[in-house]
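What follows is a pair of complexes built around chain A, which joins chain B in one and chain C in the other.
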Partner chain A sequence: MADHTKTEQPVHRNEALHRKIAIKEERKYHNVSFIMMILLTLIAFYAIWSDKVSSSFAILFILVLAVIQVFFQLYIWMHLSHKGHDFPLWGMISGILIAAITVAGIAGLIWTS
Partner chain B sequence: MSTLASHSKKSGLMDWLTTVDHKKIGILYLVAGGLFFIIGGIEAMFMRIQLFKPENDFVSADMFNQLLTMHGTTMIFFAAMPLIFAFMNAVVPLQIGARDVAFPFVNALGFWLFFFGGVMLNASWLLGGAPDAGWTGYAPLSTTSLGSGVDFYVLGLQISGAGTLIGGINFLVTIINMRAPGMSFMRMPLFTWTSFVTSGLILFAFPPLTIGLFMLMFERVFDANFFNPDNGGNILIWEHIFWIFGHPEVYILILPSFGAISEVVSTFSKKRLFGYSAMVFATVLIGFLGFMVWVHHMFTAGLGPIANSIFAVATMAIAVPTGVKIFNWLFTMWGGKIVFSTAMLWAVGFIPTFVMGGVTGVMLAIPSADYQFHDSYFVVAHFHYVIVGGVVLGLFAGLYYWYPRMFNRVLNETLGKIHFWTFFIGFHLTFFPQHFLGLMGMPRRVFTYLSGQDLDDLNLISTVGALLMAVGTIVLFINVIISTSKKYAPSEDPWNGRTLEWAIPFPTPEYNFAQTPLVRGLDPFWLEKMAGNKKMTPAEPVGDIHMPNGSILPLFMSIGLFVAAFGAIYKSILVGVIGLAITFLCMFLRSVIDDHGYHIHKKEVEEDMKEGRS
Partner chain C sequence: METNQRLTDDHFPENPEKATLDGKNKFLGFWLFLGGETVLFATLFAVYIGLRDNHMDGPSAKELFQLPTVFLATMLLLTSSLTSVYAVLALKQNKVKSMIGWFLVTLLLGLGFLGLEVYEFIEYVHEGHTFTKSAFSSSFYTLVGFHGGHVLFGCLWLVTLLLRNWNRGITLTNAPKYYLFALYWHFVDVVWVFIFTVVYLMGKVG
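Let's look at the complex of A and B:
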């Protein structure tokens, strides 16, 4: 029994340490993404507001920024990469796939012909 | 059910209006779906009477347009859909070892929204004429249709569509989260699997319908120009949106029928389902492919040879997973100890009938040939072979199979067999000649035809077949009425079942499982029987069981939308506001009133178990 507790305790302490590091890591991600998201929003506003960026480019540009924002939102803030998010992920991927086929299909068949 | 009353029991009608129990909601769906099935059937009979001889004047051309529109819309949205939800409600929670669905309140709301949507649509008969633009509601026919018929179509479908979407989400969450210990995904019975995939299809297919109907409503009410070419719109947009919904919709209907057939074939062959994992894979693949074939409804719209070819190939690809299923059912029966009960008869009748519908489906998927078939009776024959020969035959198999579980009565087998033979022969008599009528050039949706074109005899045969189908349906209703007699109370486990829903005594206790069962493999109840056990091994000790309280709010929420829809049709802001106010008030009440449900105490459960009631 004594042996048992001796071997068990360091493992336990190790785990706690790992968790602490993980939380610290996550906080770092949160901070970085928070600042990044504010920056991206400012850039988007600037792209539209400024006359130096042509509006046709600006529209595409802010759409790209929006996609990046979505990834920040889903992965950093909604923890999509964590365990137990398989079904939401599956649901979203299949939903996006079907929406993409639909939009591409209609757009391709109606506005090109 | 219990002598110790831990909560106030509601009586009769109030109990049904406020219920959130999945078993009772299943019965409500079945009764309401059966009612609309009769209404749709009567409409079909009127059409067949009109067409039994050339130049008949039983109904006018305008009335015929209303009949065909209402027959299609009613049968798809208000008969087939609720009947599928009836079995999903009655069976899925039991098959996965759950005490209820994930959101019982929302389940009730889904039912009432569907029901009032159906009442809304059918109210149009009494209020100046039913919709007459076909169940597909193609623009500009639907946007320019006079009267308010199409408005009833739009709003009725909008309300019931919300209910269906709610139901689909509910079953997705239920199946993902509420499976009993040991019930992994690859141990789920095939009916649960098909219900799962169907719910996923509902989740993705109904939003396009909602948007399409909104656009149509805006065209009609506010003169929007989505589908108006004069102002830069495009009528094809409606066709695309409708079929992006419409094609997955037919798979939404057929998949649960496939599931029911799988359960019935396996049970009455006394064998486990052949190729279970292939069946699951085929189900998922059909669901996935169902979203990329919608253009095959529009081959003649002029989208060009490239678009037509791509969608033709995608359509033919669906024949592969469907063929896998057909062969697996045949192999399940091969070498099995087959019992030809009524449910099994329906399942066996289903297989060749559905294959015939599938074969004409592949024929229609060839664009060059489709230019010949399009909008002819060949198409009518095809989709009746897959929807009646597929969905309805599967539903009848499910009805005879699960009736004891739902109503604590068995249906009479002799009457059941009469029902099967009259309906089955009547069905083929009605629709087989229609293939040839189509090939001979009879267009669909016409109210009459001239004599001397060789169309007379086949149309007469078709009408006689329809009468035979009506006789079969009447026999079913006689059977249902007779079954209320105590004589038909089922013995324990009437079919020697394999899945969890048969591991519970009759009638099903309110809480389904006194103890959540432990699942040790596919066909869990059969495994326990083979191991010499009479009951499932429990996965938990007996304890208090938490139950949700009933609520009248879902009913009133739906009534609110029903009233508001009348405001929208008759352009009365007051009525619209009153209706929406009722709905929002109910939503507000639901949000602020805490309802924690109640507990059935351990003592009552133990007492039930001692007396063999659970």
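Let's look at the complex of A and C:
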């Protein structure tokens, strides 16, 4: 911060413009992901509501929709795709991995007993 | 630079939430916390999936759940997730008023969601679906109630955050706090995505 001199002022302004464009771009991503998530939710509810899809397929189908939706949340809204998110990404992946093992393990145990 | 100083547009860092070591630590620690929360909710989901058919003589999931209420609640929470992302965008542009505005909308939507959930639970209790009725009802209330508790906590967190920083503008101290709240709020929405899918929709098809 200290070595910023007056000669860098134009660069600074240019940077500000770049940032403005980047944020505009980001807002667009957010809007698209919101619409996508609304659509995914609608499809999931419709698949169950309409009773047109067979139960076992519907369950698999809505689970896949949920996973896609979570991907949108994590990557776009929680910015996991941005720079400097390697550590959080690993944290979440290991969390999700343990979560999957937990669900399979406990649910399986109760089921078979 | 004094971290409690109101930031001006001229000296606004690109990522104010990670401009200080304190902010970086908060960011990392919070993601680790979210990883842990994922596991916590996984255990609750696992128990629910294992026990959801054991409804004894109480109402079953299929008889109980009202999809319109759940759908409305889902929309409220999903929209609140979007408004909190708008608040973070405003934060990154040093637009304090717009940020507070979006956070207030987020708060209202969150409270609306909570209201619907309370209404829903009261209805269920009237239909004999009480906490101690069956393994199904206990695991249901534990899972969904725990999520509702997270929403309630988020609302209280946001209120304190806004009140404490009302006239302070955006500083290097409070920027990470606002940012982390938004992360938390998205996470609560992520959990809800699985609740409406696994609990309500899968409950309807049996």
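Brief remarks follow.
In this section, the second predicted complex is superposed on the first by the 85 of 113 C-alpha atoms of A that agree within 3 Å, B and C clash if a C-alpha of one lies under 4 Å from a C-alpha of the other, contacts with A are read in each partner's own complex, and residues count from 1 in each chain.
Here is the rule we use: contacts are C-beta pairs under 8 Å (C-beta built on N, C-alpha and C of every residue); 3 or more make two chains touch, one makes a residue touch a chain.
Quick caveat: nothing in here was measured; it's all calculated off a predicted structure.
In the superposition on chain A, A:G105 makes contact with both chain B and chain C.
Look at A:V32: by the touch rule set out above, it reaches neither chain B nor chain C. The partner that reaches more residues of chain A, of the two candidates chain B and chain C, is C. Look at A:I21: by the touch rule set out above, it reaches neither chain B nor chain C. Judged by the touch definition given at the top, the superposed model places A:S94 against both chain B and chain C. Judged by the touch definition given at the top, the superposed model places A:S55 against chain C, while chain B stays out of reach.
Comparing which residues of chain A touch chain B with which touch chain C, the overlap comprises 87, 91, 94-95, 98, 102, 105-106, 109-110.
Those residues of chain A that touch chain C in the shared complex are 1, 12, 16, 19-20, 23, 26-27, 30, 34, 37-38, 41, 44-45, 47-49, 55, 58-59, 62-63, 65-66, 69-70, 73-74, 77-78, 84, 87-88, 91-92, 94-96, 98-100, 102-107, 109-111. Listed in rising order, the residues of chain B touching chain A in the complex are 172, 176, 200, 203-204, 208, 234, 236-237, 240-241, 244, 288, 291-292, 294-295, 303-304, 307. Listing the residues of chain C that touch chain A in their complex gives 1, 9-11, 14, 18, 27-28, 31-32, 34-39, 41-43, 45-47, 49-51, 67, 71, 74-75, 78-79, 81-82, 85-86, 89, 92-93, 183, 186-187, 189-190, 193-194, 196-198, 201-202, 204-206. Residues of chain A that touch chain B in their complex: 87, 91, 94-95, 98, 101-102, 105-106, 108-110, 113.
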